[in-house]
Amino acid sequence: MRRFLVLTLSILLIFAMLVGCTTGENQEVEGPEDNGEVVESEPSEDGGRLILSTTTSTENSGLLGHILPVFEEETGIKVDVVAVGTGEALQMGKDGDADILLVHAKESEEEFVAEGHGLERHDVMYNDFILVGPEDDPLKLKENAPEDILKGLKAVAEKGATFISRGDDSGTHKRELAIWGEADIQPEGEWYYSAGAGMGDVLTMANEKQAYTLTDRGTYLSMKDTLDLEIIIEGDDKLFNQYGIIPVNPEKSDHINAEGAKKLMDWFLSEETQELIGEFGVEEFGQPLFIPNAK
Amino acid sequence: MEIRVKNLKRYYSDNLVLDIDNLTMEKGKIIGVIGPNGSGKSTLLNIIAGLDKGYLGTVEYDKKPIDKETYRDMTIVFQKPYLFRRKVYENIEYPLKIRGVDRNIIGERVEKIIERFEIEDLKDNKAHLLSGGESQKVSLARALVFKPKLLLLDEPTSNIDPESIKIMEREIVRFNKETGSTIIIVTHNMEQSRRLCDDIIYLEEGKVGC
Amino acid sequence: MDYILEGFREALKLLTTFDREIYGIISLSLMVSTTATVVAALICIPIGIHLGIKNFRGKRAFSRILYTFMSIPSVIVGLMVAIILSRKGPLGRFDLLYTPKAMVIAQTLLVIPLILGLTYSLSKNRGKEIENVGITLGGNKKDIIILIIKELRLDLMVNVVTAFSRAISEVGAVMIVGGNIKYRTRVITTTISMMKSMGDYPTAIALGLVLLVISFVINSIIYSYSGED
């Protein structure tokens, strides 16, 4: 047994040394060091490649798959969409691993630009969040508070009705926490499930548990057929969700395709694209999933 | 136990390796089965032991076919013994334990047989780490401890030291005298079979010779 | 680059300060995987031993199917269990989905073919000799299975530990049936995967280290045991 202990400790020691040794010097060289590894940093003849980092909920809505081919055809630039949580999307920008971001956490985004990680930030569109819950709506929120999310959440917490939270630091999660904060409730306890998962998983879970959850309208509509959940609260101002687009500061990495990023941003803000965004989802769900609002 | 073999044929694919019309081994005797390599000695022993069931013909034990009771009344010691990965003492007590023999009686009998085989020093050793002669003595002791009515020995003393052979032969004979059990020894050592056996069966190419 | 180093430093801090959440996650991981492995072992070892020494029709086909199932992807097991336990599924009324029990069920099903296959192949190769000795000393079916288990205990233990390693390191099944719910069904692997997607590297690294240490300790135990013989 003693031998293990010694071995285990030595391994930990080695880790500790690694941490210690590499701290000081390597930081500055980090950019150039990465040089060899990244593929296709220079624009190739077909217009090059662009990494768009966005959130899973955006990707899941299907919007990008619908409109980006238009951009790719127009410019010959291939756009690779990396769908992650808002936190990680911003981190990718900070690390220079993405060329441009399309996210929905306005405060963090403005901070991101203020810290010099991004060049500029523009509103693109917004969608809204809704509170969904079991069809029989045991708390009768639909009758008592159809447009008042604060009142609704207070009732959920007071009655201890099961509520599933994304719990994954995503834009939706942040918004949910902000609303709990406004309602002056600490979301904790037996009734509160923090799933650490994407919107689709959380809706499935809420469906299984017949619980309440806060979701973006797009994901809910796209899954509606498989869920025994209904919209309980919608239309509250606190539930609107603004999307912003931010080209990453090209100084972050040698590999950033600044030119392509600028083109994509301009394209998103153009009148034609804004129209495209406004049309998306109307055919399938009878209502648009995103409302364009670029200035 | 009396063993009677009738019209016994054993094929390995298309080769007839054993072909015995009629053979009786009398109760209470030590019977030697000798013959050259490949003459079917071990095959015959395995068939009698009930381990090889792919034969034609009949084998009777006291005029009855083999059954569960018979299995419990006989045993075989192989040329290369397999001892359990536990102490020598625990190896020897195993047959008594699974028969549910009273613990005090187990102790007595195991101690006694250990003494007879002169392996007191090895009692607490791990059995799978013993030398060839030691293993074979333990293996024989483990077989004798539950006093089988039929004891089958497949070249039990090949490749072991003379001192161990002497002890084993002595104990085989003594066991036969004390219990009146039938013992069948396969060997290719003529000297040994003459020393120990009442009857000798000579096998050649699967057939009983003279 | 600095976030990696920062990650390691934070990780060591989390571990040495006995962060409540982290240790909750670790103990749930150990609990779920241990229970699943033990249950699977209790079922599979006797059956595997029995099938290994028994001659039956189609044994060859059986081996092939069994060996295929040994490497069944964990997400498939997870999916199967989720479908069965879901509200609309056949066992929906027990309300087991998204509970540690569901995770135990999924991991048990995941390692059953593994333990069964390893035991079966071990028994097929080495059981016959032991069976013969057992029979000739007068053992019945049950005696013989117990005897073979005792004789092969070291190899069996290695197999069980192999199964445990598979259970504790898999993420697909527990993610699907557990749902990675904070304080309830969050285990080491699902947390690592989630923390990564949230950009929280310290916690991910800390748990990665723990997982490494667990495998290391397990392997050392096995080696020290096999060295004993």
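For clarity, chains are labelled A, B and C in written order, and residue numbers in each chain start from 1.
Convention: contacts are C-beta pairs under 8 Å (C-beta built on N, C-alpha and C of every residue); 3 or more make two chains touch, one makes a residue touch a chain.
Because the structure is predicted, anything quoted here is derived from the model rather than measured.
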Chain separated most widely from chain A, comparing mean CA positions: B
Chain pair, most C-beta pairs within the contact cut-off: A-C
Separation of mean Cα positions, chain C and chain B [Å, integer]: 44
Centroid spacing, where centroids are CA-atom means, of chain A and chain B in whole angstrom: 78
Whole-Å gap separating chain A and chain C, where each centre is the average of the chain's CA atoms: 34
Residue ranges of chain C touching chain A (in the complex, touch as defined): 1-3, 5, 8-9, 12, 86-87, 97-98, 179-184, 186, 190-191, 194, 196-200, 209, 213, 216-217, 220, 224
In the complex with chain C, residue positions of chain A that touch it: 3-4, 7-8, 11-12, 15-16, 18-19, 22-23, 26-27, 30, 33, 84-85, 87-88, 90-91, 95, 167-170, 193-197, 201, 205, 207-210
Residues of chain C that touch chain B when the two form their complex: 129-130, 132-133, 135-140, 143, 147, 150-151, 153, 229
Partner chain C, residues of chain B touching it in the complex: 49-51, 68, 71-72, 74-76, 78, 82, 84-86, 94-95, 98-99, 142-143, 146
